[in-house]
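Chains: A, B and C, in written order; residue numbering restarts at 1 for each.
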């Protein structure tokens, strides 16, 4: 447990210090959400209707922004190699890094969601629901992002290619995440979407550590 | 009588006919040596001969294509990697963490005891231990990277060009570090041109890498 | 150059499957399959197209445009079959580290993307007279579009790696992650589609199709499958030769370097 916490706290420190990504991701999230009305128009009803979708797209894009650094820095400065000599298996190191990344990038963004909700004219119960779906769904986005980051870690300019790989894989999260908030045509569709979202997150949490660790091992060869 | 503080289990390493190939090409072949407690193995050879590849094969990051690496007296329950320290040509130092935070992290990750302060002192960084590592010079960064070897005791050190970016004084420091480790029963395998001081000549073995591969090519 | 002989085991000391999968041996035996495959694919394609154009009825609702189906359905099948080939090859790359598996996966990706694009384009052309629009966010077309994105991502990834040996195994990881995801994506898109568009468009499946439509479809299905097999063989052979050429170049560069100290 101690080595796991060591990786977790180190990554959280790195993300929140100068040169870290936490604040940048948060600002990008708010700004992306805030420029949408300039494209859609200031019609309050329309904004409220599109609000959950705007928030989800903004979250998806902001999280993509920071993912490139998840393993790249440690791969390039040799830290990842030295971390592999720990008694902790690489899969668990990946889990620790994913947890730290979620806490430092996704969580601030979820906390800041009420700001966007006010700008987009969402009602309180809908805002709470969006926050809840983000809590359930963002781990899956981080997981796929981690796989994309691990796969592209040995490419010098991999930051451009990773989103192309991750975006199609994120579609189920987006569909279930937004459907769990917006009113669907079918009764109970919201609850069903929330359950599917939770299931998808759990599934991705199960196979991501293995896939990302495998890709990192292959990249070090 | 040699002290055995760094290698109480008397771990030794046997390498026979090790080879590695990448994409159908032999990088190196026929590397054999035994490393007993207290010995230094120096890998030498021209640039591009496969010294780094050989070290990576030893610590298990690259798959070997032939030969055998066996560790003697290790606990079968534990992975061989848990007996190894490796330092590559990049020091693995985070510039936004302080000197102390850098080393504490490795101490916790490797399950080391409270060796952080002695390690900082050994690296000569105790006066700036609470400063960010970004203010360090290249040589100091290198020392900080190497101080990782001291925060948790592991019998076998694998070092790839440990003296790059270091001045003469730094060279001596690394030599002393290696000599001290071996004097207490540790094993060091290094790709370096450094001469190791204070060690009996029979404790230092030199393994040439790359000659066989080049004989093939010509 | 004898580099492949000195490092890889010779075909004679291997079992049957290792032998046919040995890259050098593959180049040998696959040579004899190219022309027969060309023949089979050409005959099937000609017969299938004849049946499709001259020997099958026009649909009473859709008219002559129903004939697009004879290209559309086999392409859509291949867009999924090709991913299955890539996923199988990915297992080969990861488990046995086999170079031919890497080659097979790399050669399959552009073919899969091409057949998926053909399925999308024919679908759009078919949609124009039938639905009155080129694009409909119908479940199948949407998941085919996502499939195309996945193929293009993998092709782009192949192109960014310099070391193709390392690329093979890393891309195998993302290919398998994709394989786990494709059914989920399909499911989520279908679910999303029924949520937003309860009025479903017409379905092709079901046993209601008369034999006069089934036979040409069946023939075209095999014609496309053989065409894929042929193209896959050819691009695998090209890829092996390309890798050999690069290996020889590298060996030559290494010789130059060791001669000039």
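The rule we apply is simple: a contact is a pair of C-beta atoms (placed from the backbone, for glycine too) under 8 Å apart; a residue touches a chain by one contact, two chains touch by 3 or more.
No experiment lies behind these values; they were computed from the predicted model shown.
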Pair exhibiting more inter-chain C-beta contacts, B-C or A-B: A-B
Chain nearest the global centroid, as defined over all protein CA atoms shown: A
Distance between chain centroids, defined by C-alpha means - chain A, chain C (Å): 32
Rounded Å distance, chain B centre to chain C centre (Cα mean): 47
Between chain B and chain A, distance of the C-alpha-averaged centres to the nearest whole Å: 37
For chain B, residues that touch 2 or more chains besides their own: 22, 63
Residues of chain A touching at least two other chains: 221
Sequence positions of chain C contacting 2 or more other chains: none
Footprint of chain A on chain C - complex, ascending: 94, 146, 149-150, 152-154, 156-157, 160-161, 166, 169-171, 173-174, 176-178, 180-181, 184-185, 187-189, 191-192, 194-196, 198
Chain B - residues contacting chain A, complex: 22, 59, 61-63, 78-79, 81-82, 84-94, 96-97, 101, 105-106, 108-111, 145, 148, 154
Contact set on chain C toward chain B in their complex: 3-4, 6-8, 97, 99, 163-165, 243, 247, 250-251, 254-255, 257-259
Residue ranges of chain A in contact with chain C within the complex: 144, 147-148, 150-152, 154-155, 157-158, 161, 164-165, 167-169, 171-172, 175-176, 179, 184-186, 189, 196, 200, 203, 207, 211, 214-215, 218-219, 221
Chain A residues within the chain B interface of the complex: 2-3, 5-7, 10, 13-14, 17-20, 76-79, 81-88, 217, 220-221
